[in-house]
């Protein structure tokens, strides 16, 4: 490793810590969020440097992009609800007490980390050995959708759960914002096909290259967010069952696959080797749809209007 | 499980099941509730009679169910257990009759009678318990099932009395639990045996055994109202009269006293208790309680409070007899378990009648009440004579044996305590009798009798019967199955060689 | 290094220079409108030069095409976003800077 | 020290920062930011510790981090909704002190 | 067990899939949510029976998800220990589900059922997982579902409690995950059994133990990490409070027990005893502090919530108890599992009863409980019975658990633990009867009483009676617990 690369890594690592510190400490909340988004993008770079391009994509799209959008949207709503509440100078009473303790704990943690660095153990060999039977050639996708597909099943359920939880709270009645003008609309019309194409590409590429359902879903979700920003809304007849179907179909489809495999007498989520690739693609496609729909609806912050009357 | 052991469950069930059913009965279905109550009480008495007969003829009834590894749930009907069981069952029947009359038309009777039955179940369980764990189970159950009766009236005073009752008894229960567990961790068994089961430990764990003894005694001493653990008893007087009767004569206080008997005789054994040097302090504590209770009773104007302090004093006769650790004193103590029960329940029934019929709660209001309620006050007088220890009422028999036993054991000071206590008893009972019989009623007199009777049949008969029983127990002390005879039967088993 | 390599290096350096200038402008210019002005220079020209340099280095028409596509997308997005920011600033009544 | 080591240690620093922010900041949005930074730190440790081994990067932590990122965004979304609703009812985007809750419910 | 009666099904997988599928279906088609919710909850009990018979046969069932097996894949594991927790979940879950069916209004109920099924599925998945990272995902699924349910009623206190809870639970999970990261890189596996073989004492193992222990203790609300519990548990809707107190805090405790019994305590050279001692002290502090606070509370639900803080303390008293060989004392752990079951049933009953009181009188201020003894006799009975079990008085499950734990502590001469347990029992009796006493007294002002559906009273009472019956059946149930904590894992290490 060259000195230059070491320098970049060190700078990046320091930059991450500095940005995080600024994001937490700067007095203006809006600036804090923007810094946090920048932090997320830097994280994505760090993932690239750590040879984790899949994570980098996910971080950029979800960690920085959508989380940032969610935070900004929330801040905007907060401004409406409690204009005075966006001041960030409020602090807990015991502001300085834990600092020393935390630094000590951090030092201990650092030492433990250093003790592991020389010879960390991992599962590279096992993944490589079984990759051929997994149905995909991107090892991360193989782990996510096959070797540890059960985690992923629970994870898409977590996303669904978050949405249901948000819906059960009904934070505020939806309100129509001023249309942001024709430029955004035009941009959206130009960009939407590109985004859909990009999502489809990420989804497809996930089998053999960096990408996959989460990244694709996030990109598609971002398209939804843009559309919402441009003032587009779902047709009322689509906000009921069709929307719920779009949201549930990812986890639901995954669950159905699990049931079907269980009914054929296999263990939970054991794909027949011949079908593994196809099943993974099916699950990922459905998951992409649901992830996108869920993220976009979460961004909107409230249940789309025209629920079927109770 | 031997076939005869089912009877033990049946004895428990005869009050438990009616109790549970009564909870579910609508308030207005008086006949059904009364029927169930009486059916349970009578069948319990019959079952107990059967067991008495069997035990007298050398049968042993035992029931053993696995509860914890190495520890069983054990019910065993020996002579000692049956002494208490018989007392409880007989007095339960009478108290039930009395309560039916006393609470006529008052609210929440289903709740009351349900807990009443549970309470008796628990005290019968306390009596029949074959090991310390089973004893502990029923002992705590007794606490819990009595609580709703103490707070039954639902007034703020009742609530406070209930809190105080629980604070005392549950703390006692915790101490009992600690002692029991400690003993179990040392001995590996908790089975009651005629001469105690801890002999083997005395060499290695002498200090621990002494500590455990006091833990256990403190645990049961709370219910037995040993000074200074007696504070709850006078407060609990806010409860209705049948509950007081239950607390003082049928169940709670008796369970505590009975616990002392069990611990001294069947956990430690009298010899070991004397050897450990714990018997004498216990006797002294009992003596102090006797005198203290009597002294406090002197200064109470509230009739029920005076009776309550009298109980504090009288129950310690049992502990005293047990702690003196001689066979004759034991007879005196044990027989007082029955005699005190009969006499004290009479007194409480009478106090209840006064309160219920002519609304008298204070001794200073009792002037001339003997003329208005001759039968009630007659019963009261008889029981009070018994308490003082005048022959031929039952109390005399107890005191006689206690004094005799103390002298036999070389503890002459006890006689002084007995004499002093009797004087004090006289000092707080005779003025009541004087007021009732020899003073003229104040003011407008009492509420007139209805229908020519001084009060309802159900209120009148129970005290009269128990008064008659107190007299009978004294007069006929030497016929078979009299309390004294039965206690001597017990003593023959506890003290090898006594006859 | 061959001729195209030198050219690519030159283009990349020039691009970096634009980025540097744009960043300086972002930090030093007095108001939102002028800052936007500086930023778009960096985004559009700077990125264009870098994309050109990289395309020369890529040695494949496909990759070069992808790179140029990225540039076009950034142009589109950058222009729209700059417009939106400026519009938002106007709607909020933020005044232009005057000396 | 390898490059991965930098990131692992940076991860530790982020964890400490996140904890500090969570403890010290009262504004709920800040607390959520702190949780996210804490999470990023944990993820960095998770991958950074693996380091660039000879056998290539270990994909299992990568998959775990992707899962973690999705969980984090879900939790953040829920947290934001909760914060907004809480602010609507109480008027302040902070948690109240414990003191008023001890008294009887108003 | 006879294969004729029960076919050899993948019970573990079904126990997880059924509620989660129900949740998704309920979200898709809200009008059917109620039926789906009740049916799947009840179905869980049947599946559990199947799993129970299978575990009785094989002791430990392993299910390699995806067919890969550890270390590459995730494994599910069902043994007696998981069965204890699953049983508590199924019983309490069913009771609460029936209760909730009457508790929530129709429009609300549609939102409730999917969230509840998520929680149920997450709990089942958690108790069956043998993979450290998978446990993290289940923890998050459970935590978010629990937070959502806490905030469900939408009141100010509930929202504030839920927010605090969310932050605490996220922090706990992330700290736990950090420990997982260390363990993974120290051993190259996430599977419990493989970790048992591979983990060696060292700074990484020690730090991981500290991190995971701290994270899970936070989620379990062990003193002094309990700050989030009373506001959340007291402000949530009654059925949710019951779930949170009875089950959710037990889930993180379950992971802690697994880690302790199988990974860390047997690891020689880790000074496991020191950690155990610390946890024991915190447990004692929790008992005293929680009970004392409960005694001071003016409202029933707050009181019951603080009681949970105290009762959690009991569960930690087994950590310092070690055998002569320095291994965890099976007798103590058996007692703790017993307490877990007893507390789950009793605490659920208490919260449900408190919910009835709240609905009946419109408030739950203790001094103003207006003569409820005669108006809500079943609720009062449920509260009292459950309270007796919580206070560890006979003849209840709580008593047996306390007896077993006291016995274990006494045999090791731990008088400090004994004293705290006895004192805690008295304080518990104090706060229980503080409430019960007011059931009998009339309040100063009359209240407009609102009827309480019979199902709500009966479910509370049924759970309380189950807690009581637990006290009568120890001989029957103890062998199961012995299987769960017995010599097994600790001595399996060479």
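A, B, C, D and E label the chains in the order they appear, each numbered from 1.
Simple rule for what comes next: a contact is a pair of C-beta atoms (placed from the backbone, for glycine too) under 8 Å apart; a residue touches a chain by one contact, two chains touch by 3 or more.
This structure is a prediction, so every number in the text was calculated from the model and none was measured.
A.B. asks: Within the chain touch network, how many edges lie on the shortest path between subunit C and subunit D?
C.D. replies: 2
A.B. asks: Both subunit B and subunit C are touched by which chains?
C.D. replies: The shared contacts of subunit B and subunit C amount to nothing, since no chain touches both.
A.B. asks: Per-chain C-alpha centres versus the global one: which chain is nearest?
C.D. replies: Measuring from the global C-alpha mean, the nearest chain centre belongs to E.
A.B. asks: If you tally the C-beta contacts for D-E and for A-E, which one comes out higher?
C.D. replies: If we tally the contacting C-beta pairs, A-E comes out ahead.
A.B. asks: Could you tell me which chain lies farthest from subunit B when each chain's centre is the average position of its Cα atoms?
C.D. replies: C
A.B. asks: Which integer distance in Å separates the CA centroid of subunit A from that of subunit E?
C.D. replies: One centre to the other, that is 31 Å.
A.B. asks: What is the distance, in whole Å, between the centres of subunit A and subunit D, each centre taken as the mean of its C-alpha atoms?
C.D. replies: Taking the mean C-alpha position of each chain, the two centres sit 14 Å apart.
A.B. asks: What's the distance between the Cα centroids of subunit A and subunit B, rounded to whole Å?
C.D. replies: 73
A.B. asks: Between subunit B and subunit E, what's the gap in Å when you average each chain's C-alpha atoms?
C.D. replies: Their C-alpha centroids are separated by 43 Å.
A.B. asks: Taking each residue of subunit C in turn, which ones touch at least two of the other chains?
C.D. replies: none
A.B. asks: Specify, in ascending order, the residues of subunit B that touch 2 or more different other chains.
C.D. replies: none
A.B. asks: Spell out, as numbers or ranges, the residues of subunit A touching 2 or more other chains.
C.D. replies: Subunit A, residues with two or more chain partners: 109, 113, 116, 120, 122-123, 127, 147-148, 151, 155, 158, 161-162, 165, 169-170.
A.B. asks: Taking the top-of-page definition of touch, could you list the pairs of chains it picks out?
C.D. replies: Chain pairs that touch: A-C, A-D, A-E, B-E, D-E.
A.B. asks: Contact residues on subunit E for subunit D in the complex?
C.D. replies: It comes out as residues 133, 137, 140, 144, 147-148, 151, 154-157, 159-160, 162-164, 166-167, 170-171, 174, 177-178, 180-182, 184-185, 227, 230-231, 297-299, 302, 363-365.
A.B. asks: Please give the residue numbers of subunit C that touch subunit A in the complex, ascending.
C.D. replies: Where subunit C meets subunit A, its residues are 73, 76-77, 80, 83-84, 87.
A.B. asks: Which residues of subunit A touch subunit E in their complex?
C.D. replies: Within the complex, subunit A touches subunit E at residues 108-109, 111-113, 115-116, 120-123, 126-127, 130, 146-151, 154-155, 157-158, 160-162, 164-165, 167-170, 241, 244-245, 247-248, 251-252, 255, 258-259, 262, 266-271, 308, 310.
A.B. asks: Under the stated contact criterion, what part of subunit E meets subunit A in this complex?
C.D. replies: Going by the criterion above, the answer is residues 10, 12-14, 16-17, 20-21, 23-25, 27-30, 63-68, 71-74, 76, 106-107, 110-112, 114-115, 118, 121-122, 125, 133-134, 137-138, 140-141, 144-145, 147-148, 151-152, 154, 178, 182, 184-189, 202-204, 206-208, 211.
A.B. asks: Please name which positions on subunit D make contact with subunit E in the complex.
C.D. replies: My answer: residues 15, 19, 22, 28, 31, 35, 38-39, 42, 45-46, 49-50, 60-61, 64, 67-68, 71, 74-75, 78-79, 82-83, 85-86, 89-90, 95-96, 98, 101-105.
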